Amino acid sequence: MAEKPEKLVVDVQVPVDYTYNYRIGPYLERYIKGLGEKKILGVTCPECSKVTVPPRKICGACNRVLDEWVEVGPAGTVENYTVGHVKINKGLVEKLDSPQLLAMIKLDGATVPLLAEVKSIEPTELKKGLRVKAVFKDPPEDSLSDLSHFEAEG
Amino acid sequence: MLRKVAIVGQAQMNAADSGMSRERMLFELCKGFYDSMGITRHDIDTFVLCSNDFASGHTISNVFEDCPVGAYMKDETKVEADGVMAATYAMIRIMSGLYDTALVVGNSQGGSVMRPYLVMEYTLNQTYDRQLGLMNELSAAALQARAYMDEFGLTEEQLNKIAARNLRNAALNPFAFNGRADVTPEDVAASDLLYEPLRQLHCYPFTDGACVLLLASEEKAKELTDRPVWIKGVGDSLDTYYPERNAVRSKSVKLAGQRAYKMADVGDPANRIDVAEVSAKFAHQEPIICEGLGLFPEGSGGEVADRGLADLDGAMPICPSGGALGAYAFNAGGLVRLAECHRQLAGDAGDTQVVDARTALAHGQDGFCMQHNAVMIVSVEEG
Amino acid sequence: MEFKMGPETRQVQGTWDASTYKFRMDGTGVRLLTEGMKDKKIKGIRCSECGMVYVPGPTYCRKCFVDIDEVVELKDTGTVMSYTVEMADVRGNPRDEFLISAMIKLDGADSWFVSSVKGVDWQEFKVGMRVKAVWVDEPAGSLTDIDHFEVIPE
Amino acid sequence: MRNVAVIGVGYTPVFVSKRRDVNIVEMISESVDAAFQNTGLTPDDIDAVTFGNMQTFEGLNLPHLWASDHMRAIDKPIIRISTGGTTGMSVLQAAYYYVASGMYDVVMAVSWEKQSEGDSQVGLSGIVLPEAMTMVAHGMDLFTGKGIGFGGGGSTGAASYQAMSYLHHSGAEPEHIDKMAALERSNAALNPYAHLRKKTTVEDIQATPMVAFPLRFGHTCPTSDGATTCIVASQEMVDKLTDGNVAWITGVGSATSDPCTANFLEGQITDPAEQKPAKIASEKAYRMAGIENPGRELDMSEMYNGFAHQSLMWLEKLGVCREGEAHKMLDRGALDIGGEMPTNASGGVFSTNAIGTSAMNRPAECALQIMRKIEGEHQIPKKIKKALAHGWGGMFQYVTVMVLADEPG
């Protein structure tokens, strides 16, 4: 009997993670500067009148450059929400000790909701229609996380 | 007049762990498929691969996929999207008149090699959403589920029924691996709560999978098989990335459906479609997709679940295969839906066979909360 | 009409966590090769349909699209198909020692692999030259059991 | 099959090493805007979009999703195509097929790369890293060149082996590579959309260090940021939307072999300079375009040349001249902008390389040459009737080819 190779499947991992540096562009740059002054800036579309936060350059549906800046919030209304009992850490689901409250918040003056974390309330209190207000980092760190989270208004 | 194109054969495999390298998985599937069709790789005019760099963990994912599908020294290209888009492109290549046969092959190994939720996170806006870390596939899907439940009054119990039906169907399907023969809505309710209202059994299982379809022009199709399944219509549409999108009345599902129906000359989908295979990666997406496609009235998800309308013997059987809850490999997912439609129309669907199925609909999706949707209508009626 | 770029915006980081993948690779051919190298033998796999000899051997033939498993032993001599002489690193800094790397087709094989060739002036080195493997004294079943190749004098 | 034409091209205003001022989707929007401006079309005129880049170069999965608004693809059918270096042309070919098939009438093809956001050397290593690690597990030494196995070779990658094999078979000298490099860099100096724009002499090239003989530092391409959009249309829409000055796509082809320089795990059987897919793809495209003698019938060519030897090699592999003839054409000035077969009048990939766009800029340049809409001073003086565009990618294995013409054929 002629020699046959023994089948082998090798488990291999590569020893590197690839890192990237993303330019954020002028819109997010201005947004972050606003957060440092405790202001939430959005842009409005002259065509469909939507007010979107965070700001971006183009409204694709209307084919318009968005260059009309507006200040929105800092308070808003919960439109939709979820309570997270897990988190995803590099793709793996891990149980959380205390739940994470996430809400889609329509800020006063905006038409497009913003996803943010809500703190200082019980999970059962998180409801559609709940009024919340932004909590800013003090002192600011000149980053997106200067809009730290939201908490119940009043 | 557009050139007619048919699906003449298919093969698929799905597993929690294939136990094989990607190359070996593709070779064994394609080799077996060629043998079953009585053809060789030289009978294929163009190869349309469907894979993804992040899913495969390889820059230019098709570099090592060409040879194991038989494309050595052949015409080849790669679609990096859902499998229905790859099948659409293969169809279009044949319609151009430059090819008579096209092999579509999709694969990924989310069960053994990569982490599907992490791969999905790479689709996020890297300058904002990924920086904040609040959005992931589960949290986004949970928000979409909650929005549908709020809007249309779907209860958690009804959501669980949708999942249970799919998992039971999957148990009847030898190509699905995540089936549970006797699962009840209560079992679904008892599974781990992830992001409210989503539980573990509402979610697609991590899957190693591959699927191959052979498409052919009219003349060639009739040479290759007695039972060609004709592609009657295709359509797809992209929604905005941003949260101004209405995630429960999906415009892109609706437009994709409308485009496919128009091409297929389907005026009344709920009557004309005999069976639909949709890519609902999460249970709540099934009613959103079906309603966008006009298979059920808007907001009827709860009633459909209660009355069993989407069951195997229901008015409009949805995912007799068990759908994405039975197995869902990225890139292969939409192709598997098409392969299941082919099994149904060819009368090969065994325990999941829908009686008298003549026209079927397959749906595929990409992105968070189904940002991009694609539809294909297939039929045994040549027309 | 000269385009002027806008002001610089900041960078934020991201990663592709390549280290999280658990790759499954076919190691059949490379193990066959390294196992043989313990005894200073080079083993490849031959396609029984077209006769192509691959080293290291795959599990199927790319041309004939059939499973292959016929082990063949090859000589440790071969022909230079192409080569390069590494003289500097990627930034252009000269290397201390020039390194000749050659694509070598072993006698009896249809595939090529790369190894370094030593003991020859790079300016004398040519495509088509005959080379022979130089083995380490105590082979251990590793790809480095062949240390390098040297030119066979005509 | 229906007649299909490129009716307009939109480049980002510049191709440079770093666009520090904009993010990825903002950069993409610039080329889409330019395409609309150059054609007078609006998003309403577009039936479908094709799109592509190299995902791992920016670490961004399915970037058409995030770019949906910025490229005006909302509510449009869209397909993402990616095939490595050939991506740009694969994307344009998809647009071609969409129209040729009768599915759609006007299709926008978008390609881009913002290489400054990642490390492209590292990104390229991702093609073969798991394979290399498997070899390492069997004792391969990645760093010293000791032992056998690694297909990668010198620091210019396997391109050096390809260059050497090309020189060996063609009879060209290393100096021909220098000469081709100087010609293309000097062409690029005339092109406002080129990245490296400096008039360059053979002596300049020869003053750069030899990295991996026969390739010098001056033989390698840059990494660029940029985006390109092409709009293609059916005959009917050409009549309706344009003044008729368009470039017809009369031939397409694509083919693959195997990852010839990276198959160290399973045996490399293909000479990296053989490039049989170029023959397969080009013969098909010529047949479609009714071209019997490419060397005589073609008026110009745009080759995909990540390295300076490649334009010469491709001219031979694509049948524009016989094997061993390309360097003689170079010597007699045939490849100059004013020559009989102007080759890479744009400066080629060798001067501008935002990878996703690199294989789209080739047919885009052919189209602009045919339409005589070249901005800058690299317009070829003679009338261009038939042009050849070429793309190359994967791990030395993919070739795409397009023939463009001033008549539908």
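Order of writing sets the chain letters: A, B, C and D. Residues in each chain are counted from 1.
Throughout what follows, a contact is a pair of C-beta atoms (placed from the backbone, for glycine too) under 8 Å apart; a residue touches a chain by one contact, two chains touch by 3 or more.
Source: prediction; values computed, not measured.
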| item | value |
| --- | --- |
| Smallest count of steps, each to a touching chain, taking chain A to chain D | 1 |
| Higher-contact pair (C-beta pairs counted), B-C versus A-C | A-C |
| For chain B paired with chain C, centre-to-centre distance based on mean C-alpha positions, whole Å | 40 |
| Mean-CA-position distance for chain C and chain A (Å) | 47 |
| Whole-Å separation of chain centres (CA-atom averages), chain C against chain D | 28 |
| Residue list for chain D, restricted to those that touch at least two other chains | 19-24, 56, 58-59, 68-69, 73-75, 123, 126, 129-131, 133-134, 137, 258 |
| Shared interface positions of chain B, touching two or more other chains | 20-21, 24, 54, 57, 67, 72, 114-115, 118-119, 122, 126-127, 131, 240, 242 |
| Chain C: positions in contact with at least two other chains | 6-7, 9, 12, 14-18, 20-27, 29, 31, 57, 59, 62 |
| Arrangement of touching chains [line / ring / star / complete / other] | complete |
| For the chain A and chain C complex, residues of the former touching the latter | 2-26, 28-29, 32, 90-91, 144 |
| List of chain B residues in touch with chain A within their complex | 19-21, 24, 57, 114-119, 121, 126-129, 131-132, 134-139, 142-143, 146-147, 150, 192-198, 240, 242-244 |
| For the chain B and chain D complex, residues of the former touching the latter | 1-3, 47, 52-54, 57-60, 62-64, 66-67, 71-81, 85, 88-89, 92-93, 95-98, 119-120, 122-127, 234-242, 251-252, 255, 259, 366-368, 371-372 |
| Of chain B, residues touching chain C in the complex | 20-24, 27, 31, 34, 40-41, 54, 57, 67-68, 70, 72, 109, 112-115, 118, 122, 126-127, 130-131 |
| Of chain C, residues touching chain B in the complex | 12, 14, 16-18, 20-26, 59-60, 62-63, 65-67 |
